[in-house]
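Quick one: the structure is below, and I'll ask about it shortly.
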Amino acid sequence: GGAARAAISDPAIAWSYRDRASAYWNSIVSGGEAFVESLGKPKDSLVSLINEGSSEKSLADIKAFLAKTGGKCAIACDANDSPNARPVVEAVRDAGAYISTIWNKTDDLHPWDISDNYVSHMTWSDEKPAEQTARILFDAMGGKGGVVHLGGIAANNPAIERLNGLKNALKDFPDIELLDAQPADWDTTKGTELMASFLTRFGDKITGVHCANDNIAYGVIEALRAEGIENMPIVAYDGNPEAVKLVMDGKLLATVFTNPHWGGGITAALAYYAATGAFKPSEEPKEHREFYGPTVLVTKKDAADFKAKYLDAVPSYNWKDFWGPSNGQIKYK
Amino acid sequence: MYELKAVEKKFPGVHALKSVDFSISRGEIVGLVGENGAGKSTLMKVIYGAYQPDGGEMLIDGKPVRFGGPRDAMERGIGMVFQEQSLITNLSVMENIFLGYEDQFSRFGVVNWKAMAKAARKQLAKVKLDIDPRTITSSLSFAQRQLVELAKVLTLEERVQGHLVVLLDEPTSVLAEEEVKLLFKLVRELTTRASFIFVSHRMDEVMELSDRIYVMKDGQVVDVVSRGAATPEAIQHKMVGRHVDKEYYREQRQKPYDATRPLVELSGVDLPGRVHDISLTLHAGEVLCLVGTEGSGREAILRTIYGMRTPTKGTLKIKGETVSRLTARGAVERGVGYVPRERKIEGIVAGMNVYENMTLSQMPHYARMGWLDVADERALARKWIGKLAIKASSEYADCGNLSGGNQQKVVLAKWRSGGSDIMLLDHPTRGLDIGAKEDVYDMIREMCDDGVGVVLVADTLEEAIGLSHTIVVIKDGEIQKRFDCVPGSKPTLYDLLHYMI
Amino acid sequence: MDIQRLKPHFPWITLLVLVTIVGIADPSFLKPANLLSLAGDIVPLFIMALGLTFAIYIGGIDLSAQSMANMITVVASVYLAPLGIWVAGLCILAGFTLGTLSGYLTTRMYVPSFISTLAVGGICFSVAQWLSGNRALNMDATQRNETFGWMIGRTGVVPHELFIAIGLLAICLLIERRTVLGRALKAVGAGELAAAASGLNVARYKILAFAISGGLAAVAGLLFSVKLSGGAPTIANGFLLPAIVAVLVGGTPLTGGVGGVLNTAIGTLIVAVIRASMLYFGIAATQQQMVFGLVLIAAIALTIDRSKLRTVK
Amino acid sequence: MPRILTRENAIRWAPFMVLLALIVLFTAINPSFLSQRNFARIAIAAAPALMVAIGVTFIIVMGSIDLSMEGVVSLTAVLFCFLMLALGGTLASGGWIAIPVILAVGAATGLVNGFIHVKLKIPSFMASLALGFVGTGAAILLTGGDIVKFDDPTFRALLTWRILGFPLMVYVAGLCLVLAWFIQSQTRLGRYFYAVGGGEELAHASGVRVQHVRMAGFSLAGFFYAIAAILQVAKLGQAESVTGSNFMFMSITSVVVGGVALWGGIGGVWNTLVGVLIVAVINNGMVVIGLPDFLQAAVLGLLVIIAVILSTDRRAVAFVK
């Protein structure tokens, strides 16, 4: 509402995320750390709230953090499962703290309906980029043949969107058949085993593989290598350093970079600066409170440039340029 | 040669051994008798290194020793045959015999099974047991297992230089007459190499075998008698602290049963396995004794009446009512009580206290709409602890920590207090001391007076003859003969044996 | 002081020590409002652990609890609109029924509960995926508030979940200590053969234990979905191991017959405090998992009463 | 002549029959299931799982349980990659030293597990679960959560070099299985596992140093987990702190499905082999026959239950928990 501008001096900053055992979340945290360093604080002043894939722990940890700081804090958060977002932001609001979220929230939850304490939500529209990678894949297949999709955890939003992207692209390629789509749970080992089973079921009919993320693609490549299959067209998602290297080596056609480093930093920055009163969320337009993050398609021809720009030396960002690289307001279906 | 001086052992709440002095010399057979809970097993386990004494000292050839565990004791030539079966049933006989001592057959930890089998055959020959040492132990009979245990202890002969001490804790309780004879013969032969400490509740056996007898009571040695220096009655007097009734089996109290009130009727019952065509009737006030060798099917019949086994043929009537699908629950509801042979496994629940055990079979009597009346339960337990002189610190004592005999009393109290009028007793006096046995016999007679029918599988033939109104002899799962046992004209041991074997 | 007599009290002494240690590090932890809210947040996990206690108390285990809760969040989200308050009945019935199935497989078909409950969990997961169409669902917020709002509010500083937890704990405690069922379960846990030979219908009690476990897992799932106002086939992931840990740390060993629901309450609080202590001690992200494991070893070494365990397996 | 069609035999061979029945079933629905190439795929999937399952078999035979496998596999896999890279990055350049070192690390981790369990008298379920957390935690600490790629072609020959159509790692796993069988049936230690599982107190009373046996058992299990880690790295060309995940429930399920009793003393590594194959065949077969993904959890559960029901001798067990 129209209350006085918030002014928590020196709020504590936390990132609540899934786990430390993945390149993606590491990158997110590195962005968060870059941000706190930009404030002249040490890296470890960014508190990690790790939920290990448990919504229950996610909520409990955030509440514990709110209690510990007495509400004088700014939180960046992926709520792990979309229904968990609501109790999390409500708890933050009730404590008078500030939060920005990424990825998971339900469609009926909007920052402007909660209060200034729910600063923003960023997500990535995966459908379009996944469609783009699918097109690259289909072109490499010569516009015909069979494709299999190895997906993420079935109920996860990105998993659904990435499969939808593939299906959208299929409409323009009548000679390509989607042989099957099965979840590989974002996991390398599952990826190998699922791919091996697909090989038995479809054999030579498989002429292209669409993976929901890089980790699955690593597994797929190994499953194919075990069979001596070298030139299968494969696309992936996430733009992890190892995957970019595979793109450069030609083992992977494309992956999609979502710039988690920037996402990690800017999400924390949004919550932080709203908490200090540097800006007032309710005075911002809606596209500044629910927006898409950036996506960069990485293919063989731009992989080297990409690597130089984003991976070899992490670019330094202006953490007050909140919406520069973003990609427009979130649209719901 | 082996000596204990002023040995003490305390358990939480129990002073199990009070300043016990004990000695045994070369080639001697020492008997150890006492009531249940007198401390015999504890003493044996101290000697064997399974318990560490809290005070006093242990001397071998005059030199003090301390055992950290059974292995230390074995290395000094002390071996033990346990009261409970102590073979590991999923291992082969030879593995059991040499368990812990495979070194002699192994190089770099790899066992030479041929050599072990050969050595095992030699050990088995010592106890005159002719079985393949590779047999898995679970397929042996109880008596065979007991002999294997002895064979196992006798491996000390080869392993240890010098003299052995072999501890036998109630080795005879599962053996038949013949096997006991064989065991005694073996023991006597072996006195050239070993001394024996022998625990039994059968006074005649102890008197027959032992050179000296230690009498224990309440954790103390109350007397040491040499062979022939005292009568059984005198020893029993010391053990129990009172005179033992001459009329041991209470035959004078045996009254005719009520033949008009059949409680259990089996007709033409077949069971899976060997049991075939069993027909018998139990009446109110009757003690019906099933007599037969180990494995003849006595236990199976008891379990059928108790609903734990289902007949494949024939009918079972309880109190005139034909029951087709009997379960244990159903049997209990019809007033059947069952005192199983394996009391530590099936009789009591270790970890539950006395009152919880006593009411386990009759909780509905102490509950209203599923809610238990604990005060009532405790009152019941206190009553029966007093009535049967159960040695327990209170009704809260964990039954798992009571001595075997006292556990048995708890089991009996469980059924008796629940008012069961059909009692199935499988070896109810196994391991009980004389005093406790008398209590059980009294109880059986009292039950009969109250119109209870008892099916009994007795510990000894004498007991069977003494107690029963009717004896049914079973062999290989079939009824051979039925005897009426009117006091004064009871069948003799010989009569029974004739049909048993 | 006799150490033997202290042993049964080790679990809550451990809890107290842990709370004190964290409190010394940061006194704000000890504020009653903070402690109450900490306790309130762990209630869904506690309810699941409470159910698991029954399965573990008879010497079994229930690995289906988490999938059960997952499925129930979906069921609750889907059927709240058509059924209203009756959806609670449906959820509990579903949990009870599937728990009965686990129990049946364990007792009558001789499938060890480790396997039978894992398999029943698989069935729950499939149902959840099918019913949700493999996506996260949300409840209508107003309807949720009207129907189940009372579950998640707060009176003064006391979260309502705590009342639910205390209520369920009291019921379970009475069942355990004062009913035929509780006594029978203890007997089954401590000596199943003797219980059977005493004429108890052991199979029925065992099935009942698994059914209670399933039913309480369903309550946990229901409360959780109300709290989140939605459901998904994976949303309760991460419940199972902490719930088992809570039971075991509380002092109910997997061998059964010892411990009980009060222990589980303490065990759950210990888990909550250990978890919160990561934050209060500022343990670095990469070290948290390792520290959790180490503290767990220390905690259980302190809490279990070894005198009651005949052999440690 | 001894009778072949006895009840005991029927039950002993039940898991194997279930395996055959599953193969027949899947082949009937999709004949390409029954091909040498698919069997090779199943074998690759099963090889590391078999090593984990063998490790835990020894523990289950002792009547204990070990849940540390996920942590230990992750930790040893990560250490293995680091060590290999530090030693030059190829087998030829001296990297082979990493193999015995990692096996020793696995055994040492297991020993720590056993030590905590035995000396602190913490039930193995808890001790190993907590130690598993520590193992995964240590892997996270070492990698910072990143993937460690290790792609030496000589080492990867375990996956890529085929003899008679099966990759080398399958033969390595086979050799380790024979080793495990040898330990189980021909050595004193192996028999002690059965003695402890059949009657711990009795074994103790016979002078078996039960505590040592337990610790040795956990150490041996750790050793096999390390083999699993090496095979897993050979299979994936990388290690990370989640390399070991999913092994816990899967391996124990396999062991039980194969006919090893959870209460100890019964079964052995051959049962485990069959169990692992059953689970691998089901996982592969469900995809090969095109079962919708949302049904897979339920079908896996049902098939596992059926397998266990068929291979349980209901007359021999009084009860299960």
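Worth a mention:
Which chain is which? They are A, B, C and D, in the order written, and residues in each are numbered from 1.
By definition in this document, contacts are C-beta pairs under 8 Å (C-beta built on N, C-alpha and C of every residue); 3 or more make two chains touch, one makes a residue touch a chain.
Since the structure is predicted, the reported quantities are computational estimates derived from the model, not experimental observations.
Farthest chain from subunit A, judged by C-alpha centroids: B.
Annotation: A-C is the more contact-rich of the chain pairs B-C and A-C, by number of C-beta pairs in contact.
Chain centres here are Cα means. That of subunit B falls 44 Å from that of subunit D.
With centres defined as mean CA coordinates, subunit B is found 71 Å away from subunit A.
Between subunit A and subunit C, the centres computed from C-alpha atoms are 33 Å apart.
Shown for subunit C are the residues in touch with two or more other chains, namely 129, 134, 193, 196, 286, 288-289.
Counting partner chains per residue, subunit D shows two or more touched chains at residues 136, 140, 144-145, 293-294.
Every pair of chains that touch is listed here: A-C, A-D, B-C, B-D, C-D.
By the touch rule above, subunit D contacts subunit B in their complex via residues 182, 186-189, 191, 194-195, 197-199, 202-209, 265-266. Across the interface of their complex, subunit C is touched by residues 12, 308, 327-329, 331-333, 338, 340, 345-352, 356, 360-361, 363-364, 367, 370-372, 374, 400, 414 of subunit B.
Only residues 4, 178-181, 183-184, 186-187, 190-191, 193-201, 257-258, 308, 310 of subunit C touch subunit B when the two sit together in their complex.
Within the complex formed with subunit A, the residues of subunit C that make contact are 26, 28-29, 31, 33-34, 37-38, 41-42, 44-45, 73, 129, 132, 134-138, 141, 224-225, 227-239, 242, 272, 275-276, 279-280, 282, 284-286, 288-289.
Those residues of subunit A whose C-beta lies close enough to touch subunit C in the complex are 20, 29, 44, 47-57, 59-61, 63-65, 67-68, 70, 81-84, 86-87, 104, 106, 108, 153-157, 160.
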